[in-house]
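Look for subunit A in each of the two complexes below; its partner is subunit B in the first and subunit C in the second.
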Partner chain A sequence: MFVTKDRKLSTGSLIILIASTLLGVGILTGPRSITAAVDGFGGWIAVLLTGLLFILIAYAAAYLINMFPGENIILFGPAIVTKPINNTICFLYLLYFIISTALYSRNVADVMKLYVLDTTPTTVIIGSFLLVSTYTAVQGINVLIRLNMLLFPIIFGMLGIILVLNAGGEFNFTEARPFFVGDFLTYLNGMKSSLDIFIGIGIIYFLSVFLRTPEKTGYALSTGIIIVTLINMIIIVISLGVFNFASVQNIVYPTVELAKDIQLPGAFLERTESLFMTIWVLAIFNVVSVTQYTVSLGISQLFNRKRKLWVVWPLPIYFLIALAPRNIDEFFYWRSILSYVGFSFLLAIPLVYILIAKIRKVA
Partner chain B sequence: MRRLVKGIERKVLENKKDNLEKENGSQKVRGYLDRDLIRNTDTIKAALQDSSDIVTRSFTLFDSPVQAVIMYLDALVDPEEIRDHILTPLLLEAPLDEKSMGNEGKDFLKLIKNKIPTNGRLEGTSSIDKVLEQLLIGKTILLIQESKEGIIIDTTSIAARNIEEPIQESLIRGPRDGFTEEFKKNLGLIRTKMKSPSLTIKATEKGERTKKKVAVIYDESLARREIVEEVQYRLSTIQIDDLPDSGFIEQLIEDNTLSVFPQVQSTERPDKVVAALLEGRIAIILEGTPFALIVPVTLSQLVHSPEDYYERWYIGSFLRVLRYLSVFIAVFLPATYVSLTSYHQGLLPTDLALSFAGAREGIPFPSFIEALLMEVTLELLREAGVRLPKPLGQTVGIIGGIVIGEAAVTAGIVNPLMVIVVAMTAVSNFVIPSYSLAISLRILRFVVLLFAVVLGMYGMILFFILLMTHLLSLKSFGIHYFTPFSPFTKYDWRDFILRMPIQVLIRRPMVFHPKDKVKLSNKETD
Partner chain C sequence: MRACLYKTGIPCLIAVLLLSGCWDLQEIEERGLVIGLALDLTDEEVDPENMETYEEWKKKGEPDRVRLTGQVAVPTQQGGNGQSETESQPYFNMSTVSHSVFDALRLFSTRSSRTFTLDHIKLVAVSDNIAASDHFNEGLLDFFLRDHQMRRRMLFFVTEGEASQLLELEGQFNEIPAMKIEAVSENYSRSNRIPHPFAIGTLSDEIAKETSFIIRKIKVTKDKDIKVAGALLFDGKFSKLAGELGEQETIAYNLIVGEHQNGIITAPDKQGHIAAFEIFSADSKIKPTIKRDNISFDIHISATGHLGETQYPGGNPLTSKYIKEVEEVMKKEIETEVNKVTEKLQKEFKLDPFNLLDEIRVKNYKMYEKVRRNWDQGEKIFSDVPIRFHIDTKIERIGISGKPEQKEG
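Moving on, here comes the complex of A and B:
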């Protein structure tokens, strides 16, 4: 039939894909961890600097992808670093994706238990979430993209409403100041804990097979990064202004508290944080389903298997990893370690591959 | 043993192939008419299993010694037509002169044909199969002694209902005629509403045993070739004894049998079919049912009604917004109520939460059971109302709705809020113009209720994602089901949630990729 074929991704849809894959990660925990790391008011500067750094990385990644348009790391890798090495790297990278995705679904369960479903077992929350995201990931990249496009305005709009209402209401400008404090080292500290907002862009190494305009990858990636950077910066500044430095450091999920704070005169609903929770579930859902898809794509290419089945088979692995951290501290510890792992993959792949490709003159 | 089975299988397959080839070939192998009149009548009678509704009347032509026989099936013909237009002229007309009597063969038959003043088609044939086929649709066959050719006379008169207002899709404003069971009349209704030479009607016969006509109707200058071919291909794969209703075709050709959503639109309204044809879509009409099928279809079109276009655009848009809202209420309202009362009491303002709690005081069931109880009652009432004769149906609705609801509240089994919620849901469901979509949403309502009771608002969000994923992956004849929402087609938003003024709707919906995109070419305002 004539319109049913899977179409390649346009630049616009890549932007949305990247933005919605990154958005869910940082908005909930970012304000606390980054503020705690810089130990001051300059959290937004740390995010900005990290964003800029990732734009550079994005362009490096785009450069690598552009050397082999229409292929992804599994296809062009063997030509650069022999097949065994490349396959090992890809496999480890996919393993990293599996673990980080599983932890996101764990995060959903933790937050849900904390705010909304206090008596529901964690296993049920994680299990139902993973089942739904698997169903979506099975449908393929086009459905995923369209779902992202559909959910993005909802997430974006809801966040916007929360931020605007807070900025207009409880926001106290003096609490958010001074903007520029601390030396470079504290910002570096902050950047370290804002890494995990952006490391999701690594999916591009695998999804680059679907790009309709590979030459615009750098632009698309950086636009997505800029959107996410701005949103995260605004959230940090506003949560500092609404609460204050000391409380932000101690509230586990300051953004939820922001949502809790809203009180509209004559509003039908009170305590909108459970409404915000649901929106955030959508955002995390984007991350998890897209990564699950990427993993299945990678596995199917590496081992020459049917993709749809390989979304489903690793499901127990996701589930067990998600249950592994014993408490929230352990969870955050795992995530900080993973953010370094992911960052090293993200950074090393373009640098090493481009270098070797130049030396061996592969293109 | 296995080899034996395989051998049998192969034989069966070969037989099937043979049969197919025979059917595809124009001539079947039952033979031809004979010169012997009695043998002919016997052969035909035997072929029809000597059924009791075969009428055989022998007579002599024009008072001459030439024997003739007419045969017809009693139930399918118009007796007056036979008396006035076949028997009267052939029995009573002036006898033929000697000269023409001597002429056998073609000239003689021609003469007889000229004597029969019927307004239908007259046909000569010598194939027995053709004779049988024509007898079965109500024609009369005239056999003459010593002639190898019989004459088929059109005397068909099938009992049929008149054109009436469609029951399922009644409108306040708009054409009142609806399709009937009669194939020809239905095609006529479409032709009279669309006098275009490019209107194409391609009829075939379906149903191995019942031989029902199926027409694929489209506008050659609008409908996309690929979709037409796809429809024809899918129809050609149908191998079934009988097609009692177009619902059979719908189920046999739809894209996803597992989906709860209708992927084919069915309608009783010719105006709806014509509007669809003008959008470059394809209609399928089956003999013996007033329901025409329209493919491809998108979800939004199932929520639209022709009235949106017949009324002024403010009214149309308002009604549409109302209908989209009702879709959401029909699916999500009971679930929202259950998740709010059993998980997120905090979400409600204090006063409201208190009044909710007050209403629920003394109710022995959790709100999920309460909701399920009322919903099931409602479904039962609705089904009872449909099954019962019309006047009784309404009574059941009133008795059931008011009496049971009131009694349940007084007895303390359900709280009044629940009754309001269920009633709201039911009313919203009635608003949806497409019956099949309304039923799908009724089913979904129970699913989302289940999600809500297990996981509260979080479960509802999961259900929402599942629903969206399903809708996004669903296609109707290669057209995305969820357009224009996603994939986003900007132009089609003019006729989506709002119905813009007709002057603004310059183009046909882009979703269906019509060959000729422009509908109003005189004023290009944008």
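Moving on, here comes the complex of A and C:
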């Protein structure tokens, strides 16, 4: 059985890990999909509400994790819902992680090909990206945390620069208003589209073995979620003001266009989007390597195999899934389906497990 | 030794193989930097070989084709280090005809040794007959908004007549025409007779939003120079050319929407002498009033500036009384101009380029949802909305001549 003695994830590093895992995901398409979902304004409220919802979920997950400090779902699950059921759930959840990770790498390839690497084949971009992230994931949790802490300020800073320069430049306050519009139904619609920003926090069910201070998990998760919520809210409002409510819905990657729009006097900084793309790839790289690691950890625990090898073996699966969507429309369809699947896991696991644990008086 | 070779040498070789190749490599000398594009409708034949496809297109009811003229900067010749014997232009133009803009652009490659890069396009111009045709709305501009190399900041112009003339200017300084136009259009802060620069990104925003908008008008004069003045009015619903505003009307428009930067307003004073008021800073505040179903607007315009010229015979009575008088005259002048253009837009064109609808949206979203489809389209609520102007003018300086009335001491 898999047991770890050293608990390496401190509260601070968990915050960074969660924030940088969530940051890269919805950032490019969020303004478009969420604005389209709420049909204009109030997208930021939808994101805020989703953030609050996920803070609740995070606390539920933390409660479950706290019942069994130092273990993760694969270790404490069998005590609650018998081993076969638990292993099936975990396996399906890991499968979900594999598919979503593969789609992130596809996203990288699509965006890079569109904006920067015009003639490089998609397969090469996906392949090299996955090779690098696999290399990192093999190294283990310590390296991942180190890397996340290293890259997070860069990603955060770049986003900050883009937002500040846009807010000071093209941003038109009238276009961004009114702020409070819409009823609960429209917000609900917007929340559906903003789910995929946050569903990455599911990794905590597996990574909880490493927590140094399990009692602070809820706090750490919600801090990470708050950071990401704020950034996404600001991006939505700024892209509304720079474009307008109708135009944002027509731009596939509004955030990249925000980066492209920056022009400092004297042509001092041109082609900012290549800089932005590079840094965004770093953000997705964080996401992909962390989830790859989580998958390998889960598989090694489930089947009692060597973890390092199981980072590498699923590589062809990632690669093939990444190439599966025929076009960008299909890709977005897959992503939206996956966001519901991920959300169901995220919501169901703490509810069901805590309930059954209470009834059966485990722990 | 051998182990060392295996451990470092082989990975190095692999790295060399992997890292050296770059799919997207392009030498700068082989690039052609496209800096301006002009789009015209044309009936020219494509190519004799392509005649069949043209006939097929004609059968589909698609007889019009586009002519794309591109201006390409030549980087190596621009530096001009001692190569004085080749006094050639730092740019060349090429023009192709096709059904789609993208295809026309790619046809450039069939006529030049260079690979064309679109990253540095400064301006896109279309002829007024494209702007007035349905093609404008149907998406002749789609390519400029879809291609990833295009920047949203490229300036967009609608020219009177052929757009390609714009790239064939002969300026005073042997400038590249596209660069020159960009520089001229930056002068808008010195003249109130042209609207603010209009980028292609703004165009896509306006088309998406279905609001009416205004684009500056650009004209190529007979001696192959340009004049930028006045504005073209576009219908929001169909996003096509609906009319134009004269220079005076553009001044008024600029004042109303608060885009007025710097400019001169000339009017006779009470004795009939010409006075010129230079506006340094103008500001406008649009306040919608919504009572039940009645919408009205109060627009407060404040203009501050200095008295630049008074053609007053025999000395300048620049007293504070006279300054007040001129302020009053200028206020009247602005008021009439502003009312005139509003009247014209409300009654004649029935289009709202002021984006007053935005103000309603900010103030009362429910009302906005009610009127948005019938604002300057459909029932045209806009044309009957009362718009009141409140104008405030202030002359802060009078220049260096003239004697103030108040005796010192």
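We take it that the second predicted complex is superposed on the first by the 352 of 363 C-alpha atoms of A that agree within 3 Å, B and C clash if a C-alpha of one lies under 4 Å from a C-alpha of the other, contacts with A are read in each partner's own complex, and residues count from 1 in each chain.
The working rule: contacts are C-beta pairs under 8 Å (C-beta built on N, C-alpha and C of every residue); 3 or more make two chains touch, one makes a residue touch a chain.
These numbers come from a predicted model, not from an experiment.
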Q) Should A:Pro316 be classified as contacting the first partner (subunit B), the second (subunit C), both, or neither? A) neither
(Q) Just to be sure I read the superposition right, which of the two partners does A:Pro153 touch: subunit B = first, subunit C = second, or both, or neither? (A) neither
Q | First (subunit B), second (subunit C), both or neither touched by A:Ser274 | A | first
Q) First (subunit B), second (subunit C), both or neither: which does A:Leu114 touch? A) second
Q.
Quick check on the superposed pair: does A:Phe285 touch subunit B, subunit C, both, or neither? Answer first, second, both or neither.
A. first
(Q) Touch test for A:Gly12: subunit B only (first), subunit C only (second), both, or neither? (A) neither
Q) For A:Tyr135, is the partner it touches subunit B (first), subunit C (second), both, or none of the two (neither)? A) first
Q. Counting only touches as set out at the top, which of subunit B and subunit C does A:Phe243 meet: first, second, both, neither?
A. second
Q. Do subunit B and subunit C touch any of the same residues on subunit A, and if so, which?
A. 116-117, 120, 124, 271
Q) Can you name the residues of subunit C that touch subunit A in the complex? A) 23-24, 119, 148, 151-153, 201, 204-205, 208-210, 355, 358-359, 361-362, 365
Q | Interfacial residue positions of subunit B with respect to subunit A in the complex | A | 224, 226-227, 230, 343-344, 346-350, 352, 454-462, 465-466, 468-469, 472-473, 475, 477-480, 482, 485-488, 513
Q.
With touch defined as at the start, can you tell me which subunit A residues reach subunit C in the complex?
A. 41, 114-121, 124, 174-175, 177-178, 181, 243-247, 249-250, 257, 260-261, 263, 271
(Q) Using the touch definition from the top, list the residues of subunit A that touch subunit B in their complex. (A) 1-4, 112, 116-117, 120, 124-125, 128-129, 132, 135-136, 139-140, 143, 146-147, 149-151, 267-272, 274-275, 277-278, 281-282, 285
